[in-house]
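One chain, chain A, appears in both complexes that follow, with chain B as partner in the first and chain C in the second.
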Partner chain A sequence: MSAPFQRHRITPWILMAPQLGIVLVFFFWPALQAIEQAFYVEDAFGLSREFAGLVNFKAVLSDPTYYQAAGTTLIFSLAVAVGAMSIALLLAVMADRVIRGARVYRTLLVWPYAVAPAVAGVLWLFLFDPTLGLISGLLGNMGIEWDHKLNGAQALALVIMASIWKQMSYNFVFFLAALQSVPNSLLEAAAIDRAGPWRRFWTITFPLLSPTAFFLLVMNSVYAFFETFGTIDTVTSGGPGGATTTLVYKVYQDGFVGQDMGASAAQSVLLMALVGGLTWFQFRYVEKKVQY
Partner chain B sequence: MATLRLNGIRKCYPNGITALHGIDLDVGDGELMVVVGPSGCGKSTLLRTLAGLESITEGELTINDQRVNALEPAARDIAMVFQNYALYPHMSVFDNMSYALKNRGTPKDEIRRRVTETAQLLDLAELLDRRPRQLSGGQRQRVAMGRAIVREPQVFLFDEPLSNLDAKLRVQMRLEIRRLQKRLGVTSVYVTHDQVEAMTLADRLVVMNGGHVEQCGTPMALYERPATRFVASFLGSPAMNFLPVTAHRGGVVLPNGNPVALPVAIPEGRAATLGVRPEHLIEATSVADATEVLEVTVEMLEPLGADTLAYTRLPGLEEWLVVRLDGAHAAREGQRLSLAFSMAHCHVFDSQDARVPLADTEAQACQ
Partner chain C sequence: MHYRRPGLDRLSHALLAVCCLLFLLPVWLAFTASTHTLGALYSQTAPLWFGEAGWDNYRHLLSGSIGGLGTDVLTLLINSTIMALGIAIGKIAISVLAAYAIVFFDFPFRRLCFWLIFITLMLPVEVRILPTFEVVADLGLLDSYAGLILPLIASATATFLLRQFYLTIPPELVEAARIDGAGPWRFLRDILLPLSKTNLAALFVIMFLYGWNQYLWPLLITNDADYLTIVVSLKRLLTSADGLVPWQNVTATAVLAMLPPIAVILLMQRYFVKGLVDSEK
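This part shows the complex of A and B:
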């Protein structure tokens, strides 16, 4: 490091302090507390607790509803990640080809990202409300009985749709930027090399998008695991019958509704490990298929 | 093998800009036609319309007498080498070269045979497994050539393929391209802004300016008989000297009153431009046919080794007069030189910048 930087040893820390403070208070501290709490059993009023070793973990892992939530999470996350990425890619490819009014399309397609998860949830809730919803009414006219308050599969489909709608914009921005950075001359060379539009996309454009796609896969998995809480809470509150209870929602339910802090903390720790493992797996195996 | 014919090709963009104003051109079978011009002259647009990457607004383009205006690039059976090479970064050299063959559905073992052959021709055999990113500039350039050659197309199109290489490699690849093109005998159109490249590569040369063809012919014909002042100034390095003159008594007069006895047919008193290349200004003592002697002052010298360029000024004239002297010449700055025009190599351009034929010398040259 050069001399002027040596003299300012403290300045960088001061500049980073607000961000570091936020991370420490809102991430590391609660995370450490959760790890600690996972090894204690607490009474319902939080007045006393005693060390319990792995009892909380054993209880969680022998609870069938935990496995149900894990299964729901798997379906939910896969559907959200695949859905949000493929729809975003399709929209980005189409927006990339538009010349007239391109900015308008792009701006409109980015808007959903600015909507808060809970608000997005309420929006979809209104559209699909079994008695006064616009879309549920249309579905009723077509002979499809829509009641996500009773039908678990429909409830899951609804939160998946709402979550995809919200995440799509984020993916769209990245895919569009990646598409625009594919050199035009490559596609021209491919056109001269007798590749039709479809083949050009899959053999040239798509491989060049793969770093972006990989990044989005990681981001979307994390999104589906954690950030969809608001949407699920407003739309279905995990119901009916736990059909839309994902792992993160169950952490909230057991801890803050059921007041079983130990079980909730143990689930948090397991969830942290799970997402950590998933991200490691993605970097270890999926990244190898990425063309940088 | 193929012939390429352009008949009144016009290209207008939707925003109203016309890039090509009716280009007529015939490229013979196996000929290497070089299109040269300054940036923005429409030469790249011309190449892209040939490739089918740009549509043709008006006119007719035929390959082997078959109209191809409406054909997709894929259907024209042409190969193009791009300025930035446009190699597919995620494919190995082998895959880059075989991409077009695969798209055509060529059998696997034939692809392998053809790619291997081409790789040997271009000295790429060791590099087939590498990615473009792992190659040097020159190697990438050869892969781009290989990708075009392996297809055995009707026509090669080159879009400034050497402009991203360093000077030494450029000279080397220039020779290589010339050798390969002659050996394969494929009709080629080569676009460049480098006049040295253009002169050395071309069977025939097209000089373009502002979307028009200024002149077309063999490099030496264009060099010796430039049809316009633009062609005269564009070909040759250092550029031709231009002096404003006035027609007077069957010859011309320099602004300082110095007469030059050139037999030109320009009405008395009309303004014109006299052009003479630096190598055609000769020290008066050494030339017999030096009729008019000019006294100039050397203001600057550029020694190039074999030659020395002297930047001189004629008294009373704004324009530099660049003279090519022998490298061993003992000229010093501030020195006076006696120069003579080599009359046979002087050019006169009228007020529209078109060449005015010289009565005597032109007649001699035609014999």
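This part shows the complex of A and C:
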């Protein structure tokens, strides 16, 4: 549609000014600084710095802990996305079946979305506390020693569970909305053709859900990448031995805890490129393969 | 026709009920633990039922200065509320104006402005923390509400949603308003804003939760306990103790940190679901 208000020259700029100002100061200025800083090396006291070309990038990319963090991020994101989406889909399919009560179940399952990732971390930390946790106690009775402060795999599992618990409700809301918009006539027609519930789900409902599933895959990856910082920091602080250090956590650790500005900035730039590239790839290639 | 299967329905109900309870379990345990004394907690595994110290625990947290925090939890709750409201209202305010300009006005560099704003969707604050921290430090905004709020407003989610909605407004409506002599400000106030009431409510819920649950940013820029938020305080409570983790304080603070956002999501569930599902389109 062509813009209706044509003859106003100043008004649009007054309207744009607050958002543009904030975006320029708090987004573009820092982003450009990160890119600039990535090419400089600072001395130990932060007093002087000199242009270093790609030295920071080379240092980051030849650091084995960087690849460890990349691997952890991959496992973590996959586990959270697959776990949170499959549980949500199962529950949404059941809630959609029962018709009466679907809204009640939505209310009973939607609230974990409101819980902060850091708070979710604390709740699960309490369940698995080595001395008084309920689940760690049950596991102890079964002969499984639980100590996420020493065992890296257990620490990662704990962070993954807390993240799935929080993210499930988001996926549930979307899957339920998508399921409720599947036309009943299609399902009835299939039922007349003697297709059972299992068959109806996989041949009709599931393909119709694929756009939602694709969207949720993107959102869950973004969530696992960025928003779980609070969970990781409260539960494990990236440990033990870097077992729960994701790429985003490492930017924080190297920059703020380790005070290595160049390395942290180089990692930021690599992350920006990675996220930008993934977004572009998803929308260019993957989305076309999804059935609408 | 064997279209509905009562057996499957009953199974679904049973499984759903079990899952709802399982999802509630971590919160339930935190709530019961927060009503016990430290000594009672460490004499057994986590209690499934309430103790007698609940009133004392919560009163102690809300009124007295807590070791390791340097402030009381009531201050933390107030800080979190200011931050969440500031982010929600600030973001909606600037987004309403910017989306209005982009959709309803014709001006040079309109496309450039559009892209400058929408590129921010790609990079959350977590990726550019260090330089953003330096910018905020240069501006002298460390340990201040403005420092907590402003950098988190710099993203385009709300602008994007509102733009999608504005595009569905029929041009005839604008024409009619113009013929009746309404200028752009009048049109915004009397027609556009009332029409977008449900969208604004939906945005408010989402942005309030986003603001309340922030972690990394407030962690970085608040040294002064007077500006600490409740979500960030949890780690300090966990690590401040020399020996035993003071779980009765930690769980009580976690419960207090959960209550406001859960209340918002349950009270405004209709808008919340609409806002979420709309953001997909």
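The rule we apply is simple: the second predicted complex is superposed on the first by the 257 of 292 C-alpha atoms of A that agree within 3 Å, B and C clash if a C-alpha of one lies under 4 Å from a C-alpha of the other, contacts with A are read in each partner's own complex, and residues count from 1 in each chain.
One rule holds in what follows: a contact is a pair of C-beta atoms (placed from the backbone, for glycine too) under 8 Å apart; a residue touches a chain by one contact, two chains touch by 3 or more.
This structure is a prediction, so every number in the text was calculated from the model and none was measured.
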Looking at the overlay, what does A:R199 touch: chain B (first), chain C (second), both, or neither? first
Going by the touch definition up top, name the partner, chain B or chain C, that contacts more of chain A. C
Is A:W165 contacted by the first partner chain B, the second partner chain C, both or neither? second
A:V98 in the overlay: touching chain B, chain C, both, or neither? Say first, second, both or neither. second
Once the structures are superposed on A, label A:T131 by its partner contacts, choosing first (chain B), second (chain C), both or neither. second
Report for A:T107: first if it touches chain B alone, second if chain C alone, otherwise both or neither. second
I'd like to know which partner A:S185 touches here: chain B for first, chain C for second, both or neither. first
Determine, under the contact definition given at the top, whether A:Y40 touches first (chain B), second (chain C), both, or neither. neither
Do chain B and chain C land on any of the same chain A residues, and which? 188, 191-192
Flag every residue of chain A that touches chain C in the complex, lowest number first. 1-6, 8-9, 11-13, 15-16, 18-20, 22-31, 33-34, 37, 87, 91, 94-95, 97-98, 101, 105-120, 122-127, 129, 131-134, 137, 165, 168, 170, 173-174, 177, 187-188, 191-192, 197, 212, 215, 222, 226, 229-230, 233-234, 248, 251-252, 255-256, 261, 264-265, 268, 271-272, 275-276, 279
Residues of chain B touching chain A in their complex? 51-53, 72-74, 78-80, 82-84, 86, 88-90, 99-100, 103-104, 147, 151
Using the touch definition up top, name the residues of chain A that touch chain B in the complex. 183, 185-186, 188-196, 199, 203-204, 207-208, 210, 291
Which of the residues in chain C come into contact with chain A in the complex? 1-3, 5, 8-9, 12-13, 15-16, 19-20, 23, 25-27, 29-30, 33, 41-42, 44-46, 48, 93-95, 97-98, 100-107, 110, 113, 116-117, 120, 122-124, 126-132, 134-136, 139, 150-151, 153-156, 159, 167, 171, 174-175, 178, 184-185, 209, 212-213, 215-216, 219-220, 231-232, 234-235, 238, 245, 247, 250-251, 254, 257-258, 261-262, 264-266, 269, 272-273, 276-277, 280
